[in-house]
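Have a look at the structure below before the remarks.
Order as written gives the chain letters A, B, C and D; numbering starts at 1 within each chain.
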Amino acid sequence: MAAEAPKMYYRMLGNTGLAVSVLSYGFWATFGVKDTLREQDGINMAKDCLRLARKAGVNCFDNAEVYGNPSGEAERIMGEALAQLRQEDAQLWRRSALVITTKLFWCAQGDEGTVNEKGLSRKHINEGIDASLKRLQLDYVDLVFCHRPDAHTPTETVVQAMTDLVRSGKATAWGTSEWSAQQITEAYFIAQRGGMIAPAFEQPQYNMMHRERFEKEYFPLYRQPYNIGTTIWSPLASGLLTGKYKDGIPEDSRLAQKGYEWLVKKLDAWKEDGSLDKVQKLADFAEKEFQCSTSQLALAWCLKNKNVTTVLLGATKTEQLEENLGALPVLLKMTDDHMDKIDEILGNKPEPWLNQQRPIDLI
Amino acid sequence: MAAEAPKMYYRMLGNTGLAVSVLSYGFWATFGVKDTLREQDGINMAKDCLRLARKAGVNCFDNAEVYGNPSGEAERIMGEALAQLRQEDAQLWRRSALVITTKLFWCAQGDEGTVNEKGLSRKHINEGIDASLKRLQLDYVDLVFCHRPDAHTPTETVVQAMTDLVRSGKATAWGTSEWSAQQITEAYFIAQRGGMIAPAFEQPQYNMMHRERFEKEYFPLYRQPYNIGTTIWSPLASGLLTGKYKDGIPEDSRLAQKGYEWLVKKLDAWKEDGSLDKVQKLADFAEKEFQCSTSQLALAWCLKNKNVTTVLLGATKTEQLEENLGALPVLLKMTDDHMDKIDEILGNKPEPWLNQQRPIDLI
Amino acid sequence: MAAEAPKMYYRMLGNTGLAVSVLSYGFWATFGVKDTLREQDGINMAKDCLRLARKAGVNCFDNAEVYGNPSGEAERIMGEALAQLRQEDAQLWRRSALVITTKLFWCAQGDEGTVNEKGLSRKHINEGIDASLKRLQLDYVDLVFCHRPDAHTPTETVVQAMTDLVRSGKATAWGTSEWSAQQITEAYFIAQRGGMIAPAFEQPQYNMMHRERFEKEYFPLYRQPYNIGTTIWSPLASGLLTGKYKDGIPEDSRLAQKGYEWLVKKLDAWKEDGSLDKVQKLADFAEKEFQCSTSQLALAWCLKNKNVTTVLLGATKTEQLEENLGALPVLLKMTDDHMDKIDEILGNKPEPWLNQQRPIDLI
Amino acid sequence: MAAEAPKMYYRMLGNTGLAVSVLSYGFWATFGVKDTLREQDGINMAKDCLRLARKAGVNCFDNAEVYGNPSGEAERIMGEALAQLRQEDAQLWRRSALVITTKLFWCAQGDEGTVNEKGLSRKHINEGIDASLKRLQLDYVDLVFCHRPDAHTPTETVVQAMTDLVRSGKATAWGTSEWSAQQITEAYFIAQRGGMIAPAFEQPQYNMMHRERFEKEYFPLYRQPYNIGTTIWSPLASGLLTGKYKDGIPEDSRLAQKGYEWLVKKLDAWKEDGSLDKVQKLADFAEKEFQCSTSQLALAWCLKNKNVTTVLLGATKTEQLEENLGALPVLLKMTDDHMDKIDEILGNKPEPWLNQQRPIDLI
C-alpha cells in the first residue's frame, strides 16, 4: 500500500504558527543503545530512518534528554546523524525546514542524578537545555517540552523559566507532556497574567486503547483561548496495535529485551482484559475495509481526530517506518462511518466532555 | 449516642470568610412534594427538621431553584418555614446568623422551561436569582452556586454575571457545583484577570464510594491560590451507606417512589460490584470501633478529610437527622489508623495527585 | 410550502449564553405609523404578527428607540401588544422565554432632538434606556445595541456606560450596529482591559446584494476571542429580493409612501446595475430547486452562513410573515452546491479575508 | 527644479521617537538582479543611488528579506554597498545616522521555501532576522516589519516574537505591512495587555489612485492611542503616475521585463477605467501650477497628507531619483486649494471615516 511515498499533509501546532507533518519521527527507545551496537552502526540506522522519513515529507523529529540508554544517547545520535545528513544534502536538511524537539525533566545522568538534576527548577531547565543542545549539535530546538509536571516546583516558576528559555532563543515555543488539564490551564493563565509565554502544545499518550484523557479531560484545551496542539506518543499502544503480540512475544520485539519487563506484564493484562480479541477484530476490519495493516489503521484512526496535530512514529527499522507511513492513504479513505464501526469494536468511547444539561436544537 | 446535642464545629468556607458548621442541612428531594402532602404538613415537617438542626448548631441551609416537585417548591417551603420559625424565635433564626444557599442552572419552570430559562446566561442568572429570592422570602442568599457548567455560555460571561450578582448584594459569595477542576481554574483566573470575583466553593458529590474527583482531580484546588471550600452532597451515596439497602429496598425509602427508578437500578449495580459487601464490613467496623451506625461512620469519614468544609444532610425526618448529627462525636474519635483500615475495606483510594516522578527525601 | 409552521432552530448569540431563534421578528418600519392607523388597529396588527411568530417558535423581538413614526412609537406599540398578549396567554409570553432588544443612538425626539439627545454619551445611554423601557413596559431588555458608532464619544466612555447599563440589570448583554471591525475590536479590548463587559453582537446589514462587510471585514470577529454574534437587518435588500419590484413599484409597497424616496432612487440604481436581472435569475432558481419564493431563498441563503445568528424579519402583514417563515424548510434542503450556483448568479463573492500568502496543505 | 539638493524635512515615525526623512529610499525591485548585472555593477548602481539620496538628506533605507532576484539579493547588495560607502565616508554613513529596515514573512529561499520558512512564527522571525542581518552585514536593523499578516499564526504569538526581537536588540521598533486596521488594533491591545511592544508603523500602498484603505480604514489608527506611523509604498502607482505610460509601454520600463506581465495587464485596465485620462489632467495641472512633473506632483500629494510619515522612492537610476527628490519644493508650495482641485480631477476621495450620524456645529 505504501509502495510509493505518500504526499505529506500538515497541521498547525497550536498557537506556534508552525506547520507540523501529521506523521513525525520520534527517537524514543531508538538507537541510543550503546551496549548492543557499534557507534557508527547506530548512527547509520538512525540516518536511514531519518532519510526515509524526511523524503516522505516528515518535518518533525522528536527527542528528549532522557531518551536512549544511557540517557542522552538518543539526542547524541540524532545530533550526529543530522550533521552527517546535512553533509549529504544541505538543502533537504537545512535547519529552517526542520522542527526539532527535546523534553526536559529527567536528566541525562540516569540513576546517578541527584535531587536537583531532575524536575522543572530553572536550574535544571537551564542546565538541561544546554546539555541537550550540545548533544544535538544545535543552537536551538524548535519545541521544548516539560516532560512531566513537577510536584516540587510551583507552576509560576516553571512558566518563568520556560518563557526565558524561549526568549533567549534556545527554543521557539514550549509545551508540556502528561500534564493535567488543570495544570495546563493554570500555566496558561499564569503566563498571560505575567506577560509570559504560555505552553502551546502537549505530548500525551493517545491510542485506540487509551482515550479518556485525550478525548475528555483535554477537550476544553483544544479550544480557545488555549488552542493546545498535540504530538501524541504510543499511537500503537506499546506495540499492541501492531498485532504482533497476538500469538505471544516475538523474539525480536522490544519485549524480549531486558528493561521491558513492564511490557511483558502489560501483555498479560491485555490477554485478560480482552484487548487481544479487539486487536484481532481490528485486524480483520483493516484488511476488509482498507487492505491495510492493523498499525496503519491505528495510526490513521489517531489522525482522524482533528485534535491530534501529529503522531509520533517510533520505528527503528526502515521497513517498519515505511509501513507506518502507509497510514496516510488510509486516513484519506476513512469516513465517520468507519470511525463508528471502530468505536463498536473498541467499546471505550468516552462520554462527551460536558453533560448536555441544557439541550438546544442548534442548526 | 446523640442523646445530647453535640457541640458544633465550624470550618472556614474557602476564601469567603464565612464559618460554616461542618454539618449542614440540605433541601434536596425534601418536602416540596405537592401531591403527597398538604401544604402546611410539608411546612411543618420542614420546620421540625430545621429547628432540630439549628438547635444542634447547624448554621448552613442548602437549596436550589430546581429542588422540589414541581421545581421551586423546596425554596418556597423553606422560605415559608423560615418565616414561621422566625415568628417562633427571632433570636435563633435571625438572618445574620444563617448561611443560606441556592443554586441556579435549571429553572423552576421544569419541563416547560424554554431554551433561555436554563443555563448560566446572565439573563437566567438574573431572572433565576430574583425568582429564588422571592420564593425564599429573602433579600439575598449567602451563597449562590452555578449548579452545573453550561456548555453554551463562555466562562467569562458566567463569571461576569456571578460577580455582578454578588456586587448587587443578592448573594455574598459564589461557587460551582460539579464543575471540573479545569473549569474552576479557568473561572478563577478569568475573575482575577478582570478584577472580578472568583468562585470560592464547589458542591461536589463525595462519599466512601465516589472519591476520585474529590480526592484527586480537585486536589490542586484546595491549595493556594484557589483555596476552594466544599459543601459535599450525597455523603451517604444515595442511601447505600445507611446500610438500609442491605436486605433489599425498604418500603418507605425513596427508592420505592416513582421517579427514583435510577436508584433501583443503582442498587442492582451495587449488589453486583460488591458495594453491598463493603457496606456490611463498614457496618461491622462502625459497631466495633465506635458503636455507631454505618451512616455516622460514613459522615464522619467525609469530615475527616480536611478538604471537606461541610457535609450536607438530606434527612426528611427528625429521627434520621438526629441520627446523622451523631456523626460528630465519631469524628472526634477517628484516627489516621481508623482511616487506613477503612481504606482497606473500601479498596478505592485514589493514587496521589502527582506521580512522584521526582522523589526527594523530604522531612 | 410553509403551510405547516416549521420547527424552530436556534443559534447561540456570541458569548451571551442566549439561544436565539434563527428567524427573529423586527419592528423596523412597522406599525408605529400614527397618522395612517387608529391606535388599536396598529396594536392589533402587531399582535397578529407577534402571535404568529411566537407560535412558530420565534423567541427574539427586535426594536429601537428610533423606530416608528414618530420615533418611539414602535417600542410603545410593541410594549402594549406584549402586555395584551400576556393577558391572553401568560405561559407563552412569559418574560423569561423572550429575548427582547432595543437600540440606542438616535432619540425618540426625532428632529426635535438637540445635540445631546443623540449619540452614545452616558447621558443619552442612561436617558435612552429608561425611556425605552417605559415605552416597552419592561424592567429590562435582554439585548441593547449601540445603534451606530458615535464620532464624538470615545470608545472607552461608551464601553463604561454600556457595561454599567448591563450591571444595573437594565439589559443582559450589549452589542453594536454598523460599527467597523476596528471599532468592535477596540471596544472588546478596552472592555477586557478595564474589567468591563465587551460587546457580544453586532447588527449589520446583510443580504445577497450587500456582502463585503459581513463576509470579509467582520470575518475575524466571528472567531475567538471576539466570538461576535449577529442579528442581521435588511435580509431582503429593502425588498429588492422579494422580487416585487421586478415590474415597477407596486402601489401598496413602502416605496409608494412618503419618506421612501430613497428607496425609489435605489430602485433606479438596481435597474441600471443589473440587480433586477439577478433577481429574475434567483426567482427562477428558487422555483426550480426548491419551489419556493425569492424571499424564502434569500432568507435561507443568509442563514446558510453560520456567522449569521438570526435574521430579522420585518413583515407587517401576517401573510408576508408566514411566507418568510417558510425559509426554514428551504434552509434544511440547501447544499454547498446550491450556494455555489447562487454565487455564480450573484457574482459578488468577496475575496477570502486573508490573502493566502503562506499556503500549506492542511488536512 | 531640483538642481540644488533641497533641504530635507522629517516626520516622527509613530511612537518610535525616530525622525524619518519624508522621502526614503526603498530597495524593492532594485539591483538584486543577478542575471542581468555583473556583481560589482549592481553594487555600484546601488551606491550611486544611496549616495545621492543620503546627500539629499534621506536617512531611511527600506529593504525586505524577499526583495531581489533571487530573494535576499536586495539585502545582500545593500549590505555590501553600505559597507563600501562607509569606507568612502565614515561620517556620512555612520550607523547611528541611518534608519535601516527589513521585512519578514516570505523567506530568502524563494520557491524552495518549505512550510515553516515563511510566515510569522517565532521560528521564522528568529531565523529570518538572523539571515537578514547577515546579508545586510549589520548587528541590528532600526525598523522591522511583518511583511503581511499570517493567517496561520495567532496575533499574540507574532506580538511576542516581535517584542522579543526588539528586546534582544536586533531591531529598535516593529511594525506591519498591509495588515488590516482590525489586525493592527488587535496587535496593539494584545501588546499592551501583556506588557509587550506594540507595532508602531505600517507600510501600506498609497497613491492618488489607491486611497480607500489609507484614508478611511486606517484613519482611527493615526490617532491616540495607536499613533501609527506610515512608510508608504507605490506612491507612483506602479509607474502610472510618472506619466510614462501615457503613450504605451516604454522599452526600458519594468513593464517590458519578464515577470511584469501583471503590470502590462494593469496598464490595460488603466486605459479602460479612465486612469490614463486623469494622469494627463494631472500632468497639465502639475505643469501649470508648479512647473513640475507628474511624479513630483504625485509624491508631494502623498506628503501633503500628514498621516504619511515617509514616501518610499524606488528609483534605480540616479536621474530618476533626483527627479523624485524634486517633490519636496512642490510640497512646500501646495495649498489646500490645490488639493481640492486634485480631488476634483481624481474623483475618488473616500467618504469621511465616520458617518456623521450625530451632526453638531463645532467651532
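Just so it is clear, a residue touches a chain if its C-beta (ideal position, glycine included) is under 8 Å from a C-beta of that chain, and two chains touch if they have at least 3 such contacts.
Treat the numbers as computed from the prediction; the structure is a model and nothing was measured.
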item: Both-way neighbours, i.e. chains that touch chain D and touch chain B; value: A, C
item: Between the pairs A-D and A-C, the one where more C-beta pairs touch; value: A-D
item: Furthest chain, CA centroid comparison against chain C; value: A
item: Intercentroid distance (Cα basis), chain B paired with chain A, Å; value: 42
item: Whole-Å gap separating chain A and chain D, where each centre is the average of the chain's CA atoms; value: 45
item: Euclidean distance of C-alpha centroids - chain A vs chain C, Å; value: 49
item: Contacts with two or more other chains, residues of chain C listed in rising order; value: 10, 12, 19, 192, 360
item: Overall pattern in which the protein chains touch one another (line/ring/star/complete/other); value: other
item: Pairs of chains found to touch, sorted by chain label; value: A-B, A-C, A-D, B-C, C-D
item: Chain A residues touching chain D - in the complex, by the definition given at the top; value: 10, 12, 15-19, 59, 91, 95-97, 99, 140, 142, 166-167, 169, 172-173, 192, 195, 197, 200, 227
item: Chain D partner contacts - residues on chain C that touch it in the complex; value: 105-106, 115, 118-119, 148-152, 180-183, 185-186, 189-190, 192-193, 217, 220-221, 353-358, 360
item: Residues of chain A touching chain C in the complex; value: 7-12, 19, 22, 223-225, 303, 331, 360-363
item: Residue ranges of chain B touching chain C (in the complex, touch as defined); value: 107, 109, 112, 114-117, 119-124, 126-127, 150, 152-154, 156-158, 160, 164, 167-168, 194-196
